[in-house]
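Below: a set of structures, written as structure tokens.
The two complexes that follow have chain A in common; it is paired with chain B in the first and with chain C in the second.
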Partner chain A sequence: MTILERPRHVGPGVDRVDGPQKVTGAARYPNDFSHPDMAHAALVRATIAAGRVARLDTGAAESAPGVLAVLTHLNAPRLATGPSALLATPPPPLRDDRILYYGQYVAVVVADTPERASAAARRIEVGYEPAEPLLDIHDPRAERLPDPWGSDASWGDTRAALDDAHVVIEASYTTAENTNNPLGLFSTLAEWDGDTLTVHDSTQWPTRVRATLAQMFGVPEAGVRVLVLYVGGGFGAGLRVWPHVILTAMAARQTGRPVKLVMTRPEMFTGIGHRPATVQHIRIGATRDGRLTAIEHESRSTVAIEGDNIEPCATVSTAAYACPNVTAHDEQVRLNIPWTNSMRAPGEAQGNFVLESAIDELSHALGIDPLELRLRNYAEVHPRSGLPWSSKALRECYEVGAERFGWSRRVPEPGSMREGDWLVGYGMAGISYFWYQAPCQARATVRGDGTAYVRSAVTDIGTGTYTIMTQLAAELLGLEQDRVTFGLGDTSMPPGPQAGGSGLTAALGSAVHAACRNLVRAFLDAAAADPASPLAGCDLDDVAVTGGRVHRVGEPERGESYAGILAMRGLDELSADGDSTPRTPQEAGMAPAGPFGARFVEVRVDPELGRLSVARVVSAIDGGRILNEKLARSQIIGGTVGGIGMAMFEDTVSDPGTGRIANATLGDYLVPVNADIPDMDVSFVGGPDAFNPIGVKGVGEIGLVGMAAAIANAVFHATGKRIRSVPITIDRLLL
Partner chain B sequence: MREFAYFRAADVGQAVATVAADPEASYLAGGTTQLDLMKDGVLEPDQLVDITRLPLRGVVREGDTLRVGALTTMEELAADPTVAGRLPFVREALLLGASVQLRNMATIGGNLLQRTRCRYFRDPTVPACNKRRPGTGCAAIAGAARMHAILGASEHCIALHASDLAVPLVALDAIVRVRGADGERSIPLTDFYLLPGDTPDRENVLVHGELITAVDVPLPAEGTRSGYLKVRDRASYEFALTSAGVALLLDGGVIVEARVALGGVGTVPWRAREAEDILRGAPPGPAAFRAAAEAALRDPFTVPGTAFKVELAKRTLERALRTVSGVTS
Partner chain C sequence: MTTLTVNGVDHRLDLDDARVTLLDALRDRLGLTGTKKGCDQGACGACTVMADGKRILSCLTLAAQCEGREIITIEGLGVDGVLHPMQEAFVRHDAFQCGYCTSGQIMSAVCLLAEGRAGSDADIREFMSGNLCRCGAYPNIVAAIREVAGAGGGHA
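Showing the complex of A and B:
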């Protein structure tokens, strides 16, 4: 089956299959589910960042109207520890009196209405024995974790090359803490029946929620079912099983009632992770004609006490440019802060800001156009492994982006372009995004009426998984899209990985590919039982599928319909499983490539008042085979808005003394509004990737990356002022 | 949220009598500030007296005064033809505030009484807030202060009054008409707000039970030009870092009348009379504008997070004066 070479269903911008449900309100998100006998939980959070709970007075809460239970560390059941693998589950909540961060849960109140639960929660009095918290990324007392992910790399002799370089750029950069802030408030509804547990949960990883709940409560995993048909956004926040999920299940078990918890917006700032702050230092050496001779990139990011987080920032510099001497070192520093966690493009977002700003600094120091400088150091092979890329069209990204933007109109001298009171700046950045893929399983069924049902226990976090997998399955089974239903978000389905790391489309698409091939093979086997069948003796490579029929390649009349094969054999349906496990680069003989991209940005700066606005953004992206251009474009546009947020607005601010997040509302934590967002032009370049059978590369995160650097570079071009800290706010821009 | 009683008033007298008789009662109008604060546990009234059906809505011109009913919404006032023709900076301040959804709910009386955005005031888990719990201190001064006041502030409170609308209204010497248990009174808006001093919990001169019924806005002389400039972190739906409301009457190359007020910088909407004194009688130009800006920002009270606003506020006022006067050099 070579059907993807001449696709009918994948590629064009098919509307979302779940669009009508979403716009009519029929789509049921986790907090749309309820139970007639349901109780409601409210959380109480610590108001110190370090120390102990010395005194608890829950009497007023326990006697408040409608209250069913108050759980604290004094009466909560002791739970087992959850999985410690990739993106570990935080320790069981309410296990002891220690406070490790401001906002840690110290109690949960269960009542008959949400209002009564929250009112009672405010009546709990907690006395603390505070300790001095570690809150500053520079605090020398804080524990340092060098090379926490084994991603540090070094080749050549970077120090010597820097000593010998004609030109050296050296600078320190900072990036602020950001908070994911999916619009949908995370919620959990838990219902026990003996040791059987059913949970509706806002998650990006339902199989992890199932495994965690089973492990922590000591019940069989087979009895735990996790459902998440729709999620109101995640951006990484749904990649862990957070304490509120555990507390909801605990509250349900203690009260014997189904219990629902809907987080508040302030709780969403402390309870479901955030992007860590970073401090980064970079040195780049080059020859006068713009050949990179050395890159040394060091990064420090923050992590919670007892937390973990994968945030390789310096690693970005090991995959972007051809350079004979490179050293990349990441470290983490442990602080009394809420857990840090993946937020769309973890590590890449901050590391790319530094590398691509520094390359821009180098271009100005050398007097070489920033685009030309990048082309002179183009990495034809993977810089670290030396393996050929499974695909790379970054050069086309640069060419198409520059052409569509009009980069050639740029006047090189900073401050030389102006429109009225406003200074005009052009800036750009390149992106070489990392690759990630996890194992995945899927199952495909064709029924007697000729319709297909394909499913896997994954999530669609708004990216369009329902739609692109419907298209792909229609393609692979030779059915019209309205004959195919794709199911997800239910752990009773074959297990799939998290919607994260830009890796789900390749993993799930490959599993669906395998399941559909196996299903066609099953139909061939069924047909072959009849020697008179036109398909008798056919192998998979001998047949094609079109119009609900399996037939010989090039001979549409010599075949049978799915429905016919099933009817003839007296079958209701046929099903087949498929799974995908990525090869290693060594097995494949190539470096698996993530997406590549180039961003071109025009900004306006009002130098007197420090005001900055983005006038237009042009993006050219190599995402491998694009399964649905409309949805892929939406991913890039949405990511671009997030990138503008990181570059200009988003900053999770904590009180210096207490560690309390000082702007934990959407009125105080600024994200871009429509008026901040300009025209966004998106192009896709390149072709199918060679590493997976469907040729895709994930585009869920790359849209955010590069915006911070491109905007900062454009600000420098407009003003001559280099801003090395994001967000770039008015106070940093006042000239 | 604490449970509360709800009562819809049939007329103004009943509304005032009901609230005046119950120390824990509050009026409910647009609710755009009040309901947020109740959900957050900052305000816990035991009774809300809904005044939204009372006949206090609409704009009427009486000679050289515009009488604005207290329940007129922000959108309605912005759409009034007299406001558009004679009070451009009032219209601009209205339309640069909030969002259209909020402006369709929020009332003029409620806008003047809006509570500060200070997150230390708005988070009841913060123990130190002299405005919320008198005598407990001010957590904002040592905290993450950015959207805070630099004028009229004290070591007891740096909470900002964030209204845009109040800025041109104090510049115009608007009058607040009030009904209380003891009858009616009129209060100049410039005397309406109280500086925090050592009693930040007292924000205005109203006594419990008094209800704003209308705001009288004197119209400036024909030929007066005005404008409102708002500088903020994002392009829409955000409070001011700094703003300036300016009305100028020029004649024969001289400023004959000047009204200047600042937003984003004061614990109260900030009338800059010193700036007006410098401008009045001066030829419009950079020298007068800079001198006015220096005078307006004399003796600021800053903390590290707000220090940048001093220069930004000066430049904001200069830019507004340049734009309104049309004199750029």
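Showing the complex of A and C:
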């Protein structure tokens, strides 16, 4: 099959196939589902960060109107533990009297209406025996986990190289705790029928929810069905099976009623993970002419007691530049905080801020343009493995971005550019994002009416999976796009991985590719049963598909339509499965590349008031083959908004004594609003990647990365002030 | 009994609980789930609906206060299954990603035009800032509104 021999690098900007559903309010999110017999759950959260529950008075709640059940550690059923692999499921809720973080659930109330459930929840009285919580990332008593993911790296002799370097840049940086805050309130609706369970859930990983519920409740996985047609964002928050999901299923089982739980916004700050705070230290050595000789990058991030979290920050410095001596070390400290978890570009977001700020510091110290300094240290091969990249167009990112931005107009001296009363700053950052891909399965069907149905149990969290997979399947099957439907969000479909790690498009696209190829092969086999068929004796490589027909390459008239083949054989439809498992770099003989990018930012700073705003953002991204330019651009824009949030606004503030989050509402936790965001220029450069058969790389996270550094570098250029902590708030600018 | 007039239809509701918000009445009692709950605290705009032609936050409005008011929700914006120009523009400009803020953004945008506040990009940005989009579709939201405003605004 030859259809992908010359794939277009940038696919057409097709409108979202689910657009009409979303603009009419017809798209149904997990909390839009209901059941006539449904009861409602409300949560009670701990108001201390460490200690134990000493006393529980649930009498008033139990006798409140409409209340069906009150579950606490005293009466909740004991559950098995969930999966502990990658993004472990937190321990079963309500298992004992210990409190490990502020906001931990101590009870769940079930009532006939949501108002009655939450009113009753407020009548539960909890007495605590508090212990002294560990809340400070610098607390020497906190347990430290060195190299938690085995990602530490060291090559060459970094110490000696730093001693010998002509110039050394050394600095410490901090990044604040951020909270994912998808706009959709996470919700679960659980309904049992004997040992079978149907769940609507706000998740990015329905197959993991199914496996977890089956394991924890001790029921067969085949009897658990998880549905998520639409989800109101996630940004990583939906990558774990959180305790509220388990509690909803538990409440439904205990009451014998379908139970719905809609989290409150304050609960979304403690119950579904957050981006950990980091402190990082970096030393960079270079020659006078700007050759990097050493990078030493150390990072510490936070993790909950009994939690896990993947947050490699220092690792960023092992993949970005050609450098003979590199040491990268990550560690975590355990604190009495709510679970830390992936938030769009985990580790990369914070690690890139440090590396790309330090490179800017170096460029200033050396008097070399920041862009030129990056080009002088361009990593032609993967710096750690030495393997050639499966694709890399970072140089084009720099060139195209600089050109579109007008980087050459930058006057190097800090504080030298002005517009009226405002100081103007130009800043940039480069990005070499990591690669990730998990195994995936998909199934494709072509029916007698010439329509196709392709599906996999994955999610579309707003990234455009529905649309780009429809486009891809249409291309692979030679059908018009409106003849193809892509289904997802239902665990009765073939299993797929999480929408995370910027890895879904490659994993799913490869599985769809395999399924469609297998389906065309099945049609060839069916046709070959008739020796008179023009396709008899054809192999996959001998045919192409166009206009709903399979035909010999270059001979459109020598072929048969799908409908014709089905009719001849008396079949209603034909289906085929496909799966994808990525090769290892060694097998492929190349370093699988994530996306690359360059960001160019213009900021304005009011020197009197310290007000900071972003005037322009230019992004040039190498995302491999772009299936849909319009949607990929949206991913970059959306990520950029998140990056502006990280750089300028977002900071989850906890009370240092109690661990209570002081700004757990959308009024108090600042996120960018429309007025904070300028127009943006986004370009896609490069070409298809060689590591997967469809040539794509994920662009869901890279848009966030580099913004913190580019903005901080622009602030330095505008003011001469180097801000090494994000968010860059007025107080930090006015010092 | 309270009568709610939603999208031109009168609904008789037995509001047994005075705490029921307009948002929950629409979603849970009338099955109009197009209006979304993002915070229930008046901070995100996801629940924006039109009441007597003005945008309001339905999570901060008690259902019992809405007797006699003309409520329009996202479900009532199109006419006879034809998308409102603002809905069309949102699709064309990809002015959403997850889509969760979208009903509120569109209701707000339609009212913005009626308020005469869509004269410049700066105005659009400023007066749409009560509607958070965590997916960060803001530039495309501005582009969609700009286009409809330029074309004369469509019907409200």
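Basically, the second predicted complex is superposed on the first by the 728 of 735 C-alpha atoms of A that agree within 3 Å, B and C clash if a C-alpha of one lies under 4 Å from a C-alpha of the other, contacts with A are read in each partner's own complex, and residues count from 1 in each chain.
The criterion applied here is as follows: a contact is a pair of C-beta atoms (placed from the backbone, for glycine too) under 8 Å apart; a residue touches a chain by one contact, two chains touch by 3 or more.
Bear in mind that the values here come from a model prediction, so they are computed numbers and not experimental data.
In the three-chain model built by superposing on chain A, chain B and chain C fit together without any clash.
Of the two partner chains placed by superposition, A:T327 touches none, neither chain B nor chain C. In the overlay built on the shared chain, the residue A:D655 is in contact with chain B alone; chain C does not reach it. By the document's definition of touching, of the two partners only chain C reaches A:P182; chain B does not.
The partner of chain A that touches more of its residues, comparing chain B with chain C, is C.
Using the contact criterion defined above for the overlaid structures, shared-chain residue A:L670 touches chain B, although it does not reach chain C. When both complexes are overlaid on chain A, the residue A:S613 reaches chain B alone and has no touch with chain C. In the superposed model, A:T463 makes contact with chain C only, not with chain B. By the touch criterion stated above, A:V641 is placed in contact with chain C alone, chain B being left untouched. Applying the stated contact rule after C-alpha superposition, one finds that A:E115 touches each of chain B and chain C.
In the superposition on chain A, contact of A:L734 is made with chain B only, not with chain C.
Once you line the two complexes up on chain A, you'll see the smallest CA to CA distance from chain B to chain C is 5 Å. 115, 119, 665, 667, 672-675 are the residues of chain A that lie in the contact sets of both chain B and chain C, per the superposition on chain A. Chain C makes touch with chain A in their complex at residues 17, 19-20, 24, 27-28, 32-44, 46, 73-75, 77-78, 83, 87-88, 90-92, 94, 96-103, 106, 121, 124-126, 128-142. Interface residues of chain A facing chain C in the complex, by the touch rule stated above, are 15-16, 18-29, 31-32, 34, 113-116, 119, 181-185, 230-233, 235, 262, 264-265, 461-464, 630-631, 633-635, 637-642, 665-667, 671-675, 677-680.
By the touch criterion stated above, chain A contacts chain B in their complex at residues 45, 47, 65, 115, 118-119, 122, 266, 608-611, 613, 648-649, 653-657, 660, 662-665, 667-668, 670, 672-676, 729-731, 734. Of all the residues in chain B, the ones that touch chain A in their complex are 1-3, 41, 117, 119-120, 123-127, 139, 142-144, 146-147, 231, 233-238, 241, 308, 311-312, 315-316, 319.
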